[in-house]
Amino acid sequence: MINNFMTIADEKFSSILSKTSSFFNSADFYEKSDLVLLGIPMDYTASNIPGSRFAPKRIRELSYTLENYSPFFGDSIDEKFYDMGDLVMPWGNTDKSIKFINETAEKILCDGKKIIGIGGDHLVSYPVIKQYALKYEDLVVLQFDAHTDLREEWNNEKYSHATVLRLVYDIINKGNLFQFGIRSGSKEEFDFAKKHCHIYTNEVYEPLKRVIGSLAGKHVYLTIDIDVLDPAFAPGTGYIEAGGISSKELFDAVSLLLSEVQVVGADVVEVCPPTDNSDRTSAIAAKLIREIIIGMHANKKIKNF
Amino acid sequence: MINNFMTIADEKFSSILSKTSSFFNSADFYEKSDLVLLGIPMDYTASNIPGSRFAPKRIRELSYTLENYSPFFGDSIDEKFYDMGDLVMPWGNTDKSIKFINETAEKILCDGKKIIGIGGDHLVSYPVIKQYALKYEDLVVLQFDAHTDLREEWNNEKYSHATVLRLVYDIINKGNLFQFGIRSGSKEEFDFAKKHCHIYTNEVYEPLKRVIGSLAGKHVYLTIDIDVLDPAFAPGTGYIEAGGISSKELFDAVSLLLSEVQVVGADVVEVCPPTDNSDRTSAIAAKLIREIIIGMHANKKIKNF
Amino acid sequence: MINNFMTIADEKFSSILSKTSSFFNSADFYEKSDLVLLGIPMDYTASNIPGSRFAPKRIRELSYTLENYSPFFGDSIDEKFYDMGDLVMPWGNTDKSIKFINETAEKILCDGKKIIGIGGDHLVSYPVIKQYALKYEDLVVLQFDAHTDLREEWNNEKYSHATVLRLVYDIINKGNLFQFGIRSGSKEEFDFAKKHCHIYTNEVYEPLKRVIGSLAGKHVYLTIDIDVLDPAFAPGTGYIEAGGISSKELFDAVSLLLSEVQVVGADVVEVCPPTDNSDRTSAIAAKLIREIIIGMHANKKIKNF
Amino acid sequence: MINNFMTIADEKFSSILSKTSSFFNSADFYEKSDLVLLGIPMDYTASNIPGSRFAPKRIRELSYTLENYSPFFGDSIDEKFYDMGDLVMPWGNTDKSIKFINETAEKILCDGKKIIGIGGDHLVSYPVIKQYALKYEDLVVLQFDAHTDLREEWNNEKYSHATVLRLVYDIINKGNLFQFGIRSGSKEEFDFAKKHCHIYTNEVYEPLKRVIGSLAGKHVYLTIDIDVLDPAFAPGTGYIEAGGISSKELFDAVSLLLSEVQVVGADVVEVCPPTDNSDRTSAIAAKLIREIIIGMHANKKIKNF
Amino acid sequence: MINNFMTIADEKFSSILSKTSSFFNSADFYEKSDLVLLGIPMDYTASNIPGSRFAPKRIRELSYTLENYSPFFGDSIDEKFYDMGDLVMPWGNTDKSIKFINETAEKILCDGKKIIGIGGDHLVSYPVIKQYALKYEDLVVLQFDAHTDLREEWNNEKYSHATVLRLVYDIINKGNLFQFGIRSGSKEEFDFAKKHCHIYTNEVYEPLKRVIGSLAGKHVYLTIDIDVLDPAFAPGTGYIEAGGISSKELFDAVSLLLSEVQVVGADVVEVCPPTDNSDRTSAIAAKLIREIIIGMHANKKIKNF
Amino acid sequence: MINNFMTIADEKFSSILSKTSSFFNSADFYEKSDLVLLGIPMDYTASNIPGSRFAPKRIRELSYTLENYSPFFGDSIDEKFYDMGDLVMPWGNTDKSIKFINETAEKILCDGKKIIGIGGDHLVSYPVIKQYALKYEDLVVLQFDAHTDLREEWNNEKYSHATVLRLVYDIINKGNLFQFGIRSGSKEEFDFAKKHCHIYTNEVYEPLKRVIGSLAGKHVYLTIDIDVLDPAFAPGTGYIEAGGISSKELFDAVSLLLSEVQVVGADVVEVCPPTDNSDRTSAIAAKLIREIIIGMHANKKIKNF
C-alpha cells in the first residue's frame, strides 16, 4: 500500500515529483533540453470512468514500441526533450493539486522551457495554461476535443474536466479560443461557443487548414483531448462519444499545425488506459507526443520563434 | 437464480414487462409521450454469439454518459419519449416470444404511439414490423445491415436472425424493402435481393441520398443492425463482418433520413455487449436512439405527419 | 454467417452431429470404444448469461494442454473413448433440441456404450438421464451443484436449467437423487429436497465419503454442474455463487466416486467460456473429463461391472 | 456527459441522493423498513486503482442473480430493507463528501433506522461510524480487512482509505477496535495495532470464535473490506494482497457474528468492479449484503435488541 | 503438457505437420486443389508481443462465421483450396524452423501448387518467398505493411520480423519490391527504401492503382502484414502503429490486385489473437484469405496464367 | 519498433542488461547489497502460451502496491537487495540466451552475491542453477511446481521448460532434487521421479515440514514455478493445471523454508501476465520476492551461513 517513489534528483522539484521510468529517448538531465515532458496523473474530478492517472506511465511504456524517427518531419526524437516524471498527487484533494500544477508549471516556464503535459483528466490543462497566459499575453488556445467543456460548473463544482475550457476562456484574450472536432455539449455550451469562441464541429483538419493562416506569428497552446478521436481509434477514455475523427486526420492536423504555427506548449489528456486492453489509445498518445516533440523542436530551429 | 423484476404500473402490460432502470430523460408515464422505447431482449436464435439480451439494459446505462442535446437537430431529448422497460422473455421459446412481441406492439400502435425497439437479435424486428404493416398498408422498410438476412430458413428453422428480412419481405408490398450497407450473404440471397429488393452494397449514405426523394410522403420503418458499422466502430455484435461503414457515415445517414422522411418506427438490433468491453457499441446505440427520438419528434412537429 | 460443419462419417448420426475437432487422444472410430464423449451445446434456456454452447469446443481445445496420464489412477487416457463431436442444435427451439438429445442418447445406449456428456446448460442432462433411467431401473443420480435445480417451472417454462433435477426426480426411483455442495435455492426447493432427496449443503467430499458405501452395486449417473466449485476456481459459468468448494475437493470426490462406485454415465455442464478469459473453467472441465474417462475405464476393467 | 439522476421522492434526502435501480426485493418506501441500504460511491482518495464508485450499482445488478432465500438463516430477504440509492458525490472534493455522508447518516440514525453501507473506498466508513459512535457510546467496531488502515496520514492527507481505522480509533472507546484477517501494514501500524487494538492476523473465523463471547450485549458495527478475501475470491479491489481467506471462511464468520452478536450497522467497501470482469467480487458482496440484512433482521426479531 | 496432434495422412509431410481443424470449406485431400493453405505458427523472433502462433487456429475458427460467397468476385470458396494444417514448430529454435518452412514450401511448389501462408510473425514469409524466387526468376513482391522491415539486423540477429523484407530484397531482382501503407521505420530504412524499393507511405489503394499497370504479366507474391490496417481495425498484432488504413481500403486494394494481376502466392502475417478479445483481427484475416482464394482461383481460370 | 533501453552503469554487464524501472526499495548500486534481483525474460521455448517475458517488468510494477514490511519476518525490505534489471534477450535464439544467462550468473556468483531470478519460462532456472552447482558441490534443489519437468526432450528439443529439472538433475548430486506440489506429468516422468527424486504430489507445506530437518546445513536453491498454485490463485501462467495449492499454503511453506534452511538462491518463474488481467499472479510473485529477500537477509544475519 506504499507508493515507493524514486524521487528525481532535481532539488527544486523533488518534493512533488516522482519518476519510475522515462519516455523513450529522454535526455538525461533537466538542463539538457528546452522541452520538458510532465506527467500530471490527476483524475479525481472524472465523473464517469476514472483511470487517466495511469496514462503517463502507460504512455511511457508504449513509447518503447515506437521508432524514434518521424517520417513526416524527417527527424528523430533523440534527446530533444527531458522527461521530468510525474507530479505526486494528493489523491482526492483537487484544490491542492491545482496549486501543485500551477507552481510546477511556473518554475518550468521561468527556466525558459516549454511544457508538454500528459493528463490526467482535462482539468490538468487549466493550471498549465494559466501560467502560459501569464507569460504570453496574446496566447491562443487550440482545443481538439469531442466536448465543448465550457460549463460554468459541474455537479456544483467549479473545477472539473467539464468546465476547464470555460476556466481557460476567462484567462485568455477574447477570441483566442479555437475548438475543433466538437460533437457534444449542452445547448448552453454550444450557444456560448458560437458567440464567444471559434467552434468547428465534427471535423479538425479541414477547418484547421482554413484558419491556420490567421494563427501565424501567435503563441499557440495545443490541448488534445484524446476523445476527439472516434472510440474506434481511442476506446480508452473517460467518455466515449461516437462520430469522431480518424487517427489519420488527427496526425494530419497535428503535423500541419506544427509545421505552420509557433506552438509553445501542448498536452494530451483524457487517455484512460484501463478501458482499452489493446493499449492503442496509449500508443497513439505516445506517437502524438513524439510528433509534438520533434515538431516543436523543428519549429524552434527553423522559424527562430 | 431469481429474476426479481420491478414490474411497471401500466396494467395492460404488467404481466409481460419488467423495468429496473430507464433510458435517460424518459417521461414518467406511458400517457405522456407518443414515442415509446421498448427493450426486446430475445437472443436465442443467435447461431454464433448470444448476448444481445443484455443490450437494452446496457444501452440504457450508457445513455447516462450522453448529453441530452443533439447539435444536429438543435434540440434536446427531454421527456420526448417514454421508456416502457423490457419484455419478459420465455427463454428458449421462440414461438411464444414472437407472440408476446406481436401482442405488445399491437397494443402500443393501437394507442396511437410509435415504437423504438431495442433488440435482441434481428428477429425481434419481424413481429414489430408485422404490426406496422397491418397499420400502414404502404409501409416501406429501410434496412441498414452488413447481411442480407433474406434466407428462407436457417438451420431448418423459419424464425431466425438470418431469415428476418425475408419474413418482412413477405408481409410488405413488393418493392418496399431497401437494403443499405450490405456486404455479406449467400449467392441465393444476393440474387433474390437484386431481383426483388433495392440493395445497395457496402455504402449507406451515398445511395440513401440518391433514393431519398422517392421516399417522400411514405411511412418508413428503419431497422438498424449495428453490424452495418465496421467492427472497429461496433465490435460488440453477433457476427463481426469487416469492411463496414464508419460511425460518422451512419449518423449522417440517420440524420438525413430523419430530416427528410416520415419515420414511423425504428429499431436498433444485434448489439451484443459482452463482446465489447469498451462499451462503445452500446454507447453508439444509445446515441442513435437519442437522435432517432429527437429526429422523430422534430419530424412530427415540423412536418405534421 | 454459415455454419460450415464437417459432418462425421457415422451414418446413423450424421444428420444431427457435427465435428470440427476432437478431445485429445480420442479413438478414431465410434466402434473402437465403449465410452463416447458427446457435446451438447444447448444454452437457450439460460436465464442469466448464455454461452455454455461454446463449452464443448473450448474444453476440447484445453484438453491439449493436459498430460494424458492420471497420477491418481496410474493410467493414461489414450483411445479409451471416442469423441462423437457435437449435436447440431436448432437454436431457440428447446422442444426439438430435447427430442434430438433423447434420440441420440437412445441410439448410443442401444449400442451398449456409455455417454460422457458436455453441456450446454444443465437442462441437457435431462434427456440423457431419461434414456439411462429407461435402461437401468435402479438408476441413482448424483448431482454436484451449487443450486438445487428443483423448481417445478421457471419463468412459466417447464424445461429449464432451473427445473432439470425436478424433471429427473420424476423419472427415477424415489430416494435415488443425491445432491452435494448445494448452497442456493428457494425455500420451496430446500423443503422439497429435505423431504424427498438426499441433500448435503456446502460440502461434497465429506458427505460423499459417508454415503458411498450405500451406493455399492448400483448404477450411478454423475452430473457435475461446474458451479459446485467456488467462482474463484470456476468463474466461467452462468450463475456465479460464492462459497463453493475448491478444485482439490472436487477432484478428491470424483476420484473417490470412480474408485468405489459403478458410474455408468456422467456429464459436465454449465461451463460458460466467454466469462472466463483465463480459460481455467474449461481446463478444469477437460481434466474432469480425463479423470472420468480413465476412472470409468478402470472401473469397468477391475470391477467387471 | 450529463448525470441524469432520477432523484428519489423523499424530500429530506432528495438533493443529495440519486437512484436509478434497486437492490433486489427492496421495500418500496423508506418508511417501511428499519434497515436501509445506502450506496456511497466515493473513490477519489484511492491511491492505487480507482473504480469502487461503480460498486453500489454493480452490486445491485448482481443481486438479481441471487436467490432471495438464505439457507443459513432459513429466511428470505423480501422487503426487510429499503434501498435508498446512492449519495451524489462532488467528485474530487473529499471534505464536502465526508460532510454529505455525515449528514445523511445522522438523519437516518435519527429516524431510528440502521445503515448498511456500500462503498466506495474504505474512507466512507468513517463518517458513518462517527454518527454511530455518537449514538452508541460503547460502540465496538469489527474490521475484516487485509490491511491495518491505521496510518496517521497518507500522502500528507488526513482523510484516506489508509487512515480510516485510525480515524475510527480516535472516536470510539479504547479497546473497542477488533481487526481480523490482517496481513499487510507498515511496521508502525502493526506496532500500534498490537498496543491499542485487538489484531488477529491472516485468519477471521477462528479468532472471531474465540472472542465472540466477549461481544455479547454490545453494539457492534461491522466493516468488511472485501480485500480480506484472497484475490482469488475477490480480484476486483483496489489493492490485491495475496494470502487471504476463502469465501467460505468469510460467510462462516459473518453468519456466526450475526447469530451471536447485536450488529447495529455494517458496510462492505473496496469492491472495484472494473478490475474483475467475472463480476464475482460484486456477486460475493451482494450475497454478503443479503446475509447481513436477513441476519440483522433475525437478530432484531429474536434477541429483542 | 502434451501436444496431441492429429497428424495428417499425407506421408511426405506427416512428420512436420499437424492438423486439428480446417479452414471452412477446405477440400478433403491435398490432391484436389492447386491452392494450399498452410499455417506457420512461428512467433519467437517477436520482440514485443508474442502470440501470432495462435493465428492460424483462430483464423480457421473465425472462418466459420463467414459466408462462403464473395459478392465482389461473384463466386464461392467451396473446395477451391486444401487446408494442410500447421507446421509443427521447434519452439525457440529459429534456424530449424526456417529450415522446416523452406523444405515444406519447396515440396508444395514442386507439386505445382500455390501457397497461401498464415503467420506467425513476418519472418515466416522469408523462407516461402525464397522458394518462390527460385521458381520465378522475375518474382515481384508486394508488401502491405505499417513498417519497412528493412533492417540489416535486429538485436544482433539476422533473422527477425524486422529484417524480413531486407532478406527478401536480397533474393529477388532489384526494383521488384513494392511497399504500400508504410508509416514507421528508422531513418536508415526509409533511406534504403527510397533508394532501392518502390515505397508508398500511409496509403495502399491509390498508389496501387497508379502502379498496377506495370505489374501486368508478372508473377506477384503478396505479403500482408495485418498492421497495415489501423489498430482500430486490427488491434490484435505485435506492434500497434496508429495512422493506418481502413478495412475498406484494404479489401479494395486486394480485390483490385487479384482482378488485374497474376498473384502466385500470398500470406497474411502478424495477426496476434491474444491482444484482440473481439476477434475482429482474426475475422478480417479469415475474410482476406477467402477473397485471396476466390480471387486467385478466378484469376487462374479467367486469365489463364 | 525500437527497444530503447536505458542500459545500466555497471560496465561488466552493460552489454547484456537493460533497466527501465526497479523493484521497489532496491538499493542504488550493485555494490551495496549481497542479494541481486535479475530479470530473465526468455519465453520462446514456451509451447503453449508465451508471455512470461513480461513478468519481470510487471512484477516490478506490482511491487509498488505492497508494503515494504513483512509481518512474518518482522522486518522491512529496504535496500536489502539490488535490482540489476533484465537480461537483453536475443529473441528466438535459445542457445545464445542460455549462454548469456550462464555468463551473467557466473559473474554475480564470482562477486560473492546471491541471485533471485525472475523468469521467463522455467528453462531460465537451468543456467543459473548450473553456476550454483559449480559453486556448491552439495547443492540441493527444491522445486515447487505443478509439473515434474523431467522430460528428456520436448518436441525434439533438449532445452525446454519441460526438460529443465531433468537438466538440473544431471548436474547436481543424486538425491538432491526435491519436488513439491506436483500434479501433472507423463508416466515416464513420474516413474523417474519416484526412482531418482524426492517427489511429493499435490501438497507442499506438509511434506516440506516433514523433510525440512534433513535440509539443515545444506546449500539450498529454491525454484518456484508459479503454477504450483491453483489457477484460482495464479491464473497468469503458461499451463493452467487445476487442483493446486492456495496462496496461504505457499507463503507458509516459503516462510518455513527461509526460517529453517540456508537458501542461497531462488527464482520465481512461469508468471505470464497477459493471461491475468487482474494482475494477481504478478502481485503474488512480487510478494514472494519480498519475502524471499527479507527471509534470505534474516537468514544470513541470524544463522551466519
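Order of writing sets the chain letters: A, B, C, D, E and F. Residues in each chain are counted from 1.
Here is the rule we use: a contact is a pair of C-beta atoms (placed from the backbone, for glycine too) under 8 Å apart; a residue touches a chain by one contact, two chains touch by 3 or more.
Predicted model only: the values in this text are computed from it and were never measured.
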Chain labels contacting subunit D and also subunit E: A, B, C, F
Co-neighbours of subunit F and subunit D - touch as defined: A, C
Which of E-F and C-D has more C-beta contact pairs: E-F
Rotation, 0 to 180 degrees and nearest 5, that superposes subunit C on copy subunit F via CA atoms: 120
Same vs different contact residues, subunit A with subunit E, by half of numbers used: different
Geometric centre distance via CA averages, subunit E-subunit B, whole Å: 39
Per-residue multi-chain contacts in subunit F, two or more chains: 1-3, 48, 65-68, 184-186, 230, 232-233, 239, 246, 275, 277
Overall pattern in which the protein chains touch one another (line/ring/star/complete/other): other
Those chain pairs that satisfy the touch definition: A-B, A-D, A-E, A-F, B-C, B-D, B-E, C-D, C-E, C-F, D-F, E-F
Touch list for subunit F against partner subunit E, complex: 1-3, 43-51, 53, 88-94, 147, 155-157, 159-160, 162, 184-186, 239, 274-275
Contact set on subunit C toward subunit D in their complex: 48, 182-187, 190, 201-202, 230-233, 235-236, 239-244, 246, 275-277
Residues of subunit E touching subunit C in the complex: 1-4, 6, 20-22, 24-25, 63-68, 277
Complex interface listing, subunit E residues touching subunit B: 65-69, 71, 74, 76, 230, 232-233, 246-248, 251, 277-280, 283-284, 287
